[in-house]
Structure formats: structure tokens, C-alpha cells
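For clarity, chains are labelled A, B and C in written order, and residue numbers in each chain start from 1.
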Amino acid sequence: MEISAAELGELLNGEVVGDPSVRVHKLSKIEEGEQGALSFLANPKYEAFAYDTKASILIVNADFEPAKDIASTLIKVDDAYSSFAQIMEQLADRSRKSGVHPTAFVAESANVSEDAYIGPFCYVGEGVEVKAGTQLSAHVTIGDGSLVGKDTLIYAGVHVYHGCQVGDHCIIHAGTVIGSDGFGFVPQPDGRFKKVPQLGTVIIEDHVEIGANVTIDRGTMDATRICEGVKLDNLIQVAHNVEIGAHTVIAAQAGVSGSTKLGKHCMVGGQVGFVGHISIAAGSKINAQSGVAKSIKEPNKSWNGSPAFAFSENLRSKVYFKRLPELVKRIDELEKALAIHQNKK
Amino acid sequence: MEISAAELGELLNGEVVGDPSVRVHKLSKIEEGEQGALSFLANPKYEAFAYDTKASILIVNADFEPAKDIASTLIKVDDAYSSFAQIMEQLADRSRKSGVHPTAFVAESANVSEDAYIGPFCYVGEGVEVKAGTQLSAHVTIGDGSLVGKDTLIYAGVHVYHGCQVGDHCIIHAGTVIGSDGFGFVPQPDGRFKKVPQLGTVIIEDHVEIGANVTIDRGTMDATRICEGVKLDNLIQVAHNVEIGAHTVIAAQAGVSGSTKLGKHCMVGGQVGFVGHISIAAGSKINAQSGVAKSIKEPNKSWNGSPAFAFSENLRSKVYFKRLPELVKRIDELEKALAIHQNKK
Amino acid sequence: MEISAAELGELLNGEVVGDPSVRVHKLSKIEEGEQGALSFLANPKYEAFAYDTKASILIVNADFEPAKDIASTLIKVDDAYSSFAQIMEQLADRSRKSGVHPTAFVAESANVSEDAYIGPFCYVGEGVEVKAGTQLSAHVTIGDGSLVGKDTLIYAGVHVYHGCQVGDHCIIHAGTVIGSDGFGFVPQPDGRFKKVPQLGTVIIEDHVEIGANVTIDRGTMDATRICEGVKLDNLIQVAHNVEIGAHTVIAAQAGVSGSTKLGKHCMVGGQVGFVGHISIAAGSKINAQSGVAKSIKEPNKSWNGSPAFAFSENLRSKVYFKRLPELVKRIDELEKALAIHQNKK
């Protein structure tokens, strides 16, 4: 990318204020702008930075009237954030490839769209289907009989086991494992454990994004299901038979134990754990590091703690937890006042 | 799979009640049975589902007498769960392969059984030994001088460093790393850290199952050891010089710090952490998200909390933690009653 | 390795006491010494083991005078630990290779030093630079336009996305992902989430060691930065726009949320979580499993708990947490003494 203010003004249908010949080659936040950078001002809270920034071009809202001189060339548009995001997306739209890299191996019975790309050292197993526009980066495994929808990006070193499904318009980041055996064992009388065969599958619906080094186990008999629009961060554990409801968002290092069902539109913080076999109501918000040990039936509430309970109550308990030494002193004094023998301390 | 009730009856040595020509092609739980599914009823708690299920065939105990009409064909056997498990295992027993995939690379000095299978893009290093029946899926690395026993399954993208040992009848899921350097550094006077070379190894005994994206560091001088029959879930950290005792089971995202020894037959919940250099008695049960900061000497007890203490005591403390705001009010009132000046709140 | 006491004495410039012809072929700790093992005694606390150890050779400090008979041959040196560490380092210095493995793929426009080694099934993308002495193990991906400095070790299955930088003298363990997209989404009015393109990069400075299966996301517009000398253990999450200050050490399974900056020389325990957009003062010590929810401004202090507060205060609160049931009893008795109606229990 290397573009002038005049060209940007035309692209964004905006008004150029300042030198139209100034050129930019990268994006930056307004407070970190350097020469050659394009930045934007949308939130009035950041206005002060506009007078100091070294960014060469600033995209601003049409109604922005500088209170002082600004060194940057301005592009005035209807919605500065949207216009900046439009530029970001154009830059992010890395060119799609098609075809099979010469080092890749595609099984004879696999059905790969001519419009898909199979990257270096990928292994595409027997009976696999890969639809149009989908891109497999290097070292990806798609196990026998699995299906990958269209326009999906699968990054390096993702391993999809046999018989799983990945939807359309998904993104799966490097190192993620889909379809490993669920953790199911039957204790034997002699203290050993016998494996319960894991014969189910994983179904990932459309528009799902999954971070790096995530693990999603296959169901025991049915499917572990990641519903439409779900976003999972890195290093998340999804156990067998779990269902993550549509448009639920889960932050890094959280874990969901077997057979638990999360509703739609939940927001789960980092390092949260859910025990198995519970149901979480739609719209639940779970604070980071919480441990959810029981089903949540009321939708759209916030939860905190391990075990988790209502967010605001939990905050109050945590405040008093911090003051416990002081509370103990107060009890000591009360006992002294009442001359209760303090042999319990 | 596609089998009739008559064939199943013969296979399981059971009595067919209903239409013997009905055919099934998949397994399901009784409450989720569909046409064409085989299910089972073992636990009387689930009996109600038997009258509603759409499963075409139900395996039931010989003494089961339906209280109402059942649409499914029944197969009466001595032990319904065992018979169903037998079918699961037959389905799970995916055909073993042998030979070396044409895209794999096996070093000249490696000793691979003719009866083992080396999958696509596997790298088998110098002096490696892989015994009969063992299956390496795609993209597996077995580092120089390492040994993999017989009838072991290693899934895609597992990386075993040099000089490690994996036993017989093990299963290691995708993305797991075995033999990475332990985290050992000596602080220098200038605030830098100097690496302590990690010269030990990892020994994984027989009948161990390890989940996906697990990390097991090699010992500093000796071995990190995973004893016989241990089952590890996904995303678990096992630091250098750790020993996990035989038949211990650890749930996902738990971590064991350096040189800690877990006894036999322990059960460790998800996201548990152990500090380094402690010993955990055999049969200890550690609740999810606990932090174990001291050795546990008494065997077969349950622990909870961070830092962990006895399970039932911890539960009580957690109940009162939730009630802390109420306790503070009671102290307030006591002080009021005694006219103690409340300047400490 | 296989070396005699006489040879060791010469190598370490030490005095041999005992049989100079004794030979060792491995290292061990003094308390676990076996025949054929070389061990050392530096800390007087361990002196008792010197009289029992089966290690064939012991390196000891020159001023060590045995109080009893010792079976092992002694090598007396100025600093026993340093001499032993010297032997460890010599053993650890595995021979460096150079060249490109025949199964690897290096893009035509990549610039790989003749003195670097590109291992089996590695993919080195367009415009990549790999400097002298650097070693890529098997199945490594270096994405288009990325740079790897000199004398860096990258173990099997590490995936570096496009446009990232890894410094000189770094070590990156197997399965680690560098440069995956940060977790950034804008909620839409209909409850869906729209991806914020992640256009930044990851910069890893010199002398950094990163454990196995770690994830480091690229910045949104700028760089996620791992500064000089940082040591990261396994399974750590580093979100977009994070900066980890020089010589900071982080234990396994910790996570740092987006845009948080850790100062220099911090020590972070296992399973710790940091919320996003905070700053942590240099030299902060964060205890394992803590949750850091606010910026830490005072340097060189210790913190504990979730949410974290000052370490010693937190310990006191945790002691009283354990005694909560007893505290409640004391309040009960106070109320009884004052005849306050106990309807609140």
C-alpha cells in the first residue's frame, strides 16, 4: 500500500483539507502516528492527539472543526471509523490463491474445488470435500471423510480428524485441533481405566472464528457443535458433546467440560472453566477466571467467582475478603468488650 | 455399518423382540434416538425414554419388561451396557495400516517395524525405533534416538523430541509436544537469565492416553515420567522432572510444576495448578481450578480451593465467603449494640 | 559421552581424589546417583548424600573435606556447580547443521543463509530471511516476508505467520504459533460480530526463549512485542498489542490480554491472568493463579489473588478465609451474649 491523500479522498468520497499530494504507506493509532502513516479521529476523547500526531493523513468526521492547527492532511468523511475500517479491510484482503501446492498430498477420492487452495505439505484424506474459495495454509491435515465449506481460511498446522465438518466463511488459526477423542474412561475394579470409544464428530457452523492451539473434541456418539458466528480465542478447550450457541464469544484459555451447552450470545472471559453437564442461559456474561459449577437459567446476567455467583454480589464479597483481617480485629474487640474468653483465635 | 436386528441378536447372543428385519446404521443415546439408530437402556432411570425413542433398535437387559408399548425392536441381552459398548468398540476399531506413506521421511538408521504405519509427511529421525502395530498419523515428528512401542496411536502433528520413550498401547492426540526443554534459568547479577541445559528425557509408560496440544517437558538430568495407565486430557502442562503416578487421571488445562510427584490413582480436575517440588499422596482428588501449594501426605482425600485445603471445609468457607456482606452487617450491629465507635468500616 | 575421572580432572583443571580410571557416561543429581553417573556437591545441605551416593564421580569444591569415607572418586575444583554446569553445556551443545533438507520447500525469493539449517518438511515463504547459524527443526512454517535472526533454534511444528520478526539467539519450542490474528470483533446491532482486521505484526527481540504450544497474536496495527531476554514457559497466551518487558519471566499457562504492557524484570507465576489495557511496573512479582485486574504502578512488589492485591495482605485474608466457619461461630456467640435475635443465619 502506498496512496496519496487525493486518492484516499476519492476512494472514501471525502473532502481533502491540506496537502493532497502527501502519501501514506501504513496505518497507525492516532497517538502513535508517524510520518507516512494514515490514522483516524472518531472519538472526541482523542481530539487532543490530533494536534500532536505525526500521522501524515487523518480521516475525521465531516463535522470535525479543529480548535488549533493540525499538521496532518485531513480527509473529512461521514463516518471516520467506518472509512478507516474500510481501508483496514482492503489491506487485510490478502490475495486468495487456488490450486494445489506441489508438495501437498490430496487423496484420490477427495473432492477439492478448483477454486480452493491446498498449501505446502497439506494432507487431504480420502473422501474429503473442500469447497470453492477455501484456503489451507501449510501443514494442514484434513482427515478422511471430513468436509470444509467455502471461503474458509485454515492456517498452518491445523489438524482436523476424520469425519468432521467445518462450515463456510470460517477462520481457524494455526495449531488448532478439531475432532480429537473426548476424555471418556470407565473405572475398572482394579483401578485401571477403560477407554470409551469416541464415535461422534465435530460440526463447526458458518462464520465461526477459532484461535490458535484450541482443542475441540469429537462427541462420544453425536456431535460437538460450534454454532454459527461463534468466536473462540486461543488455547481454549471444548470437550466432547459440548454445544456453543450462536454468536457466543469466548476469551483465551477458557475451558468447557463435557456435554455442557452454552446459549446464544454469551460472553465468556479468559481462563473461565465450566463443569460438565450444565446449561448456560443465552446472553450470560462470565467474568474472567470464574468457575461455573451449576446451570445458569436466567438469561442476560453477569457472573463472577469460583464457584461463580451474581457479579455484583461477588464483587462485594471480594471487597470484604480483602478486609477480613480488619473484620477479625473487630470481632476480637467485641469479644473483649463482652469479656468472652478468646481461646479460639 | 449397516446391520439388522436379526444379525445383532446373533452377534450379541440376545433375544430379538419385534421386527427382526429392521436395520440401523448409527448409534445414539436413547433420548436422542432417530430412525436408523441403535440405542440401549441399562439404567432404569432412563426407562421413560424407551417408550418415546425413535431409535429403531434398543439393546435392553434380559429382565426388562416394558410397562407400555415400545416402537423399537428390542434385543434382550445379559448386560445391555456391555453389549452396546462391544458394538462401539467394533466401530472404533478403525483398520490399522502398515508401511510408510510415500511422502514420509524415515532416516536410514531408523528401525521401523514392517507392521507399523508411518503417515504422510512424518519425519522419523536417526536411530529411532518404532515397533509393530504402531500408527503415526500425518505430520508427526519422532526426534533422533526416540523409541515408540507397539500398538501405539500417534495422531497428526505430534512432535516428540530426541531421546524420548513412548510405551506400548498408548494414544497421543494431535498437536502434543513431548520432550521440550524444561523451564530452567539461573538469574544473573545483571538481571538476565542464563539457560540451564535440559539434558534429561521423557518416559511415557504403557497404556497412557494423552490429549491434544499437551506439553510435557524433558527432565533436567533425569526423566519426566508418565506412569502406566495415566490419562491426560487436552492442553495440560507437565513440567520437567515431574512424575505422574500410575492410573492417575488429569482433566484439561491443569498444570504440574517442576519436580512435583503425583501418586497413583489420583484424580485431578480441570485448570488445577500444582506448585513445584511437592508430593501428592496416592488417591488424592483435587477439585477443578484448585491451586495445590503444599505436599499432600494423607492418601485418598479430597481437596479444593486456591490454596487448596480439605474439600468439605473449603466448601463451608466458600458458603460464608458468599455471605460476607451479611456477616459484616452482623458485626456492625453488634458494635452498635455495644456502642463501639464504628470508625473502622 | 563417556569420560574418565582423569580426563575430567584435566578438563576442569581440578584435583582427582580416588580412582582416576573410573568412567562415567551420564549426569545425575547426587541423591539419585548410580554407577556410571557424574554428580556434584556444591550446597553443604546435601553433604549427607555424598557419603551414600552411588555416583561414580563427584565434582566438589576445593575446600570440601569429607567427614566420612566416600566411595565416589572426587574432582576438586574452585566452583563445583560452575564446573558441573560447564559439562552440562558441553553435552547440550548438539551439533549444528547447515543446508536445506531435501524434503523442505524454500520459496525462490527467500534469503536463507548458507550457514542456516532448514529441516524436513519446513516451508519457508516468499521474501523470508533466515540468518546464519539458525536451525529450523521439522515441520516449521515461516510465513511470507518474515525474518528470523541468527543462531536461533526453532523446534518442530512452530508456525510463524507472514510479516513477523524473530531475533538472534532465540529458542522457540515445538507447536508455538506466532502472528495469529488478535481477538478483535465489533458487535453489530443484530448480535453478530464483525472481525477487526489484524494488520500488525509480532516482534521478538534477541535472547528470548519461548516454550511449547504458546500463542502470540499479531498487533491490530502495530506490533505485539516480546523484548530482549524474555523467557516464556509452555501454553502461554499473549494477546494482540501486548508488550512483555525485557528479562521478564512468565510461567506456564499464564495469559496476557490485549494491549497490556508488562515492565522489565517481572516474574509471573503459572496460570496467572492479566486483563487488557493495563500496565505492570518493572520488577513486579505475581503469584501463581492470580488475576491482575488493575495497573500496578509501584515497582518491585509482590501480588497475589484474584483480583490480585499485595502478597502479604492477601496471604492473611486467605488464612482468615479458611477460618471463616470459626469466625461465624464467634459472631453467633456474640449475638447470643447480647441476646440479638439470630434470624440472619
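Heads up, the rule we're going with is that contacts are C-beta pairs under 8 Å (C-beta built on N, C-alpha and C of every residue); 3 or more make two chains touch, one makes a residue touch a chain.
Since this is a predicted model, take the numbers as computed values, not measurements.
Colleague: State the superposition rotation angle between the two copies chain A and chain C, fitting on C-alpha atoms only and giving a multiple of 5 degrees from 0 to 180.
Modeller: When the C-alpha atoms are superposed, chain A turns by 120 degrees onto chain C.
Colleague: Is the contact between chain A and chain B built from the same residue numbers on each copy (over half shared) or from different ones (under half shared)?
Modeller: Mostly different residues form this interface, as fewer than half of the numbers used are common to both chains.
Colleague: Determine the centre-to-centre distance between chain A and chain B, using the mean Cα coordinates as centres, and give it in whole Å.
Modeller: 25
Colleague: Hunt down the residues of chain B that sit against at least two other chains at once, touch-wise.
Modeller: Residues 121, 139, 157, 175, 213, 235, 253, 271, 321, 327, 331, 334, 338.
Colleague: So in the complex, the part of chain B that touches chain C is made up of which residues?
Modeller: Listed in rising order, the residues of chain B that touch chain C are 105, 121, 123, 139, 141, 143, 157, 159, 161-162, 175, 177, 180-181, 183, 185, 191-193, 195-199, 213-215, 217, 221-222, 235, 237, 239, 253, 255, 257, 271, 273, 275, 291, 306-307, 309, 313, 316-317, 320-321, 326-327, 329-331, 333-334, 337-338.
Colleague: Taking the complex as given, what residues does chain B use to touch chain A?
Modeller: 27-29, 32, 85, 88-89, 91-92, 101, 103, 119-121, 137-139, 155-157, 171, 173-175, 207, 209, 211-213, 229, 231, 233-235, 247, 249, 251-253, 264-265, 270-271, 288-289, 318, 321-322, 324-325, 327-328, 331, 334-335, 338, 340, 344
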